[in-house]
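Sending over a structure as structure tokens; questions will come in a sec.
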């Protein structure tokens, strides 16, 4: 089984980190390849960034379909291009926000999301509503660390840890959901220190794709997610 | 006052039609210019089409901001790029789906949407939920005419009229919302024959922008819709 | 085009203020007349006040229909008599609460309402739910100034300004909605000082009616909002 | 214990019928008096009728409070004036729509409402949402018999019976809710013939008031439902 | 009329207290018997406790049906076994959580629940959603007194009173709902001291059953709540 | 890794079938053991059956925890005992209804549930609401085959196939969810004939547990799902 993990931004070091975290949980016999688009923004922190990242994501998905991948992960917490990818691909496609939040729903009544910048909070709530987990989402909290500084800021871990603690206290929640692919490598350490389950969407989405592939389940193609009609392009 | 209407697809004849319908309702002293992106799909009928149209829409919005437009309309019923445009622009931005559905909410308890292809029905319901009009939306009905054939298919009007009649009967609704910018020119004729209010989003959004400009209201910029952070692009 | 603005209470000075604010935004060629019922309470601050004000509102709407007005505004934030007015009138009718809250929905993800007395908070939330903007409404905050003191209390502006600031801080919202017609004249000054969009329902509803009239849209009359059946009256 | 049942319309024969049905279920030692306003419409079948009936309802409630009644029923399925009555009265006030629909919620998963004119269907759904029973309400069905003809139309019972049967078939519901006070006397006969529980709001609300009085429960007065502020009246 | 009140736990002193509180409100001619299962947990404070208590509850309901009781109350705030009891019994069955929360909905816009242990808060919210009162429920607050200590802890009343005061302040609610059958005897004293309506579910459910019986209403038996199919048991 | 699959009913042949279907999808190195309680009903088709099956389910979960299983599946579409099991177990617990419906949410916009008896439809909708997939659930359809006849009725497959086809037509959905563990073995054949994804909860839940275990995720224990307090038992 071959799974493609697409990092929607163009920061290669983050792509490497994401690939590592995905491979760390993939089952025996599962190959995980992590890629990012050739062009696009270095990080995704706004609706604009998302919009500009999506064509590159779709190009990667289309290429991976031709290359015979069995499933795809979109590894950015806004799940950019998810529905378009489901149209394009025969293989299943899973976003890390939907995977993280739905996975957290198996672990208790409520979870808190800890994310990067506060400007993304509204979008996260919108996704929670779309994915049916708004009642389970007890709070969305920003640590105000830009995505690209997650890897370089020496204080990042401590700030995120503090944001998690504060979220658990204020929300009375059962679990933490990490709201950025760039936090994937912190998951186990945070969980150990906090003593609560911490869900990283990269790992969760990778195993969700693996699960769907093993179940023989692919996107339903009889309506909204049929292959997009061919179009003339100007 | 200058309002830009962006047709997200690249079919110039549809851009012309949309511009005409917008100008037909604009107030005295209001200039309406209709444009479409230089590149992108000839019509938008899928999530994929939408994703590929958005960068072009954003480029038009950005250019129009520099050119000093007072407000912007996104003239495709999926409202592609709406939130990203709100980040980019200082001037207000209105999508035709949100404008059409919210305008219909002033006309009665419920409305029915009549749209082009059935594959867009799920997305329309999702928009209705996001815009808070899901309880008011009594049904979404497809007439199965592709967008680009709305102008050329001689049977289009009759098929759409029949779809509206059937929708009103089945849904018991108070009004019709047209689910495609390409139907804008049919609005008055349909309303006259059906004897119910029929809302075209192009006209509704143009006047909504005019209304916001006259009220001095622009997108709030203190959080989610602040100007997007500058980014390195690969 | 002639638009009637009905102030549901019987305080003539407030009617004058409301008329002025409506006229300030009305388009060229639009005549706005502001009236209030001959009988009824001096202000509307309870369900009881609303109930007692409604027959007077309906009498004004009925008279204005006979006089050939093209549209009507109900200028009290509880939208008293709105649905009954839609039955009575052929012309469109818009309430200032629905107009203010739906207009704010074009300006960002969320808004905060700042209103007069805390006893109206529950009703405002109920309206937000009915109008489909409950998810967008981040908070409803009272400044505890009675309606008739808005004009006379020299501290009113400062108290309202402080309530707006506090609301923005607590709610993290993108815009303010003023929850009383008697605050209409404070809108621009508040917006300038707060640096966020502030929506006054009187202005918003006036332009919404103007928009509907220009679009040729009137209340759908095939069901709930058909002219009320004639009745014997004891 | 003395309970006042207010019939909001001015049709004395209906007031008599309502009083009889309320007295038929009242407990030992409970006096039920049925009244109607001195002025107002002969029946309530529109938002306009409701608005015009409410001042009369409130006058009856106010008088009954002075007369020392222990609780009040508003006996019209739109619950006109309910919230204003709760402000006015120290004693509890119950509407027949809220009582009927909440009572039905104890009898199974879902119920169907059978009402008079189809123009009231939208309002009934709105009440169902306000009262929290929208998920339990499987359908609202009109029998198209005007309120005042319920007593005189010899076919009324048969038409209502057929509407109930059809509702149960289409909705798969567990119970019927009668959507008009004028159907109160048909309740037992319908239940016997249909073999399902049939809830009449007049009886349900009367016993709900009796229940609240025996529990010593009155409307909470610390906020929205405090006595309305005194007002100058023009 | 004979009403059975089942205390789902096996603490006889609590059963006695519950029976007393139920009898204190029952109408003339109504016999109330309080029982508890022969086996099961001493108190119900977890999903596990609930699950283990339910078979005993169902045995009591089944026995009471044979004994000809006219209605049944399940007197534990989680309403354990409620739906299964509705299948088993021909007579109506009411849980104290549904009765308390729906009764509170007649008393104002919102209520606050004050319960025992914080671990039950999530379940209470879930019930509020199921019963359609989530919008009316302004908060759920724990006083952290275990169920069996309600009777013995001399500080219990003061702690609960303080929790009620704090809940009213934080939630701005109109009424209190007591979230445990073991608090039934505190209801009047709390209401007197707090000056707000306080709803005890034991009393509310007892009178709700009495109400249903007097109305001749029983669980609908044409679908989900038909007598359970007979089963082979291992 | 060892996963326990608990069949809540006591029909050994169904336990065998469920175990086989779970093992068919389990990954390399994963041992799946299927058990059923020693006592309880032969099938679960009512709330009563569920209630009577739960203590046996909990006993199996408790025993499996002692035996060191890494995760647990509850293999009955009502997810009986799920929350109590999460309290009891340190290892993660997944129900087949939640797993099936959430898995289907990755495959398109909507799914249809095809289940056994129509009396379970209401409960399935309630679960869909609790699991946040009510908007995604386009319909719940019964084939009216009792659970124990799924294995023996030679017409069962054809009836279920027809119910699936009818559901897809009526609902316009993207996928089918099988609403009974006893249909697990039909999943692939149905999917092949229908040409749409068909989700069996037994397989989905088994792989969900495997996924959680590999992610190192267990139920959060800081609140509602902490180990139940020890209790005296009568």
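Going by the order they are written in, the chains are A, B, C, D, E and F; count residues from 1 in each one.
One rule holds in what follows: a residue touches a chain if its C-beta (ideal position, glycine included) is under 8 Å from a C-beta of that chain, and two chains touch if they have at least 3 such contacts.
All figures in this text were calculated on a predicted structure; none of them were measured in a lab.
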item	value
Of all other chains, the one whose Cα centre sits farthest from chain C	F
Chain centre separation in whole Å, for chain E relative to chain B (CA means)	52
Where chain B and chain F are represented by their mean Cα positions, the distance between them in whole Å	43
Multi-chain contact sites of chain A, meaning residues that touch two or more partners	86, 109, 118, 121-122, 126, 129, 135, 172, 223-224
Touching pairs among all chains present in the structure	A-B, A-C, A-E, A-F, B-C, B-D, B-F, C-D, C-E, D-E, D-F, E-F
Sites on chain B touched by chain F in the complex	118, 121-122, 126, 129
Complex interface listing, chain B residues touching chain D	109-110, 135, 172
Residues of chain B that touch chain A when the two form their complex	10, 37-43, 45-52, 54-55, 58, 81, 83-84, 86-88, 118-123, 126, 129-130, 146, 223-224, 226, 228-229, 231-234
List of chain A residues in touch with chain F within their complex	25, 27-29, 86, 92, 94, 98, 102-103, 105-109, 131-136, 168, 172-175, 188, 191, 195-197, 199, 203-204, 207-208, 210-212, 214-225
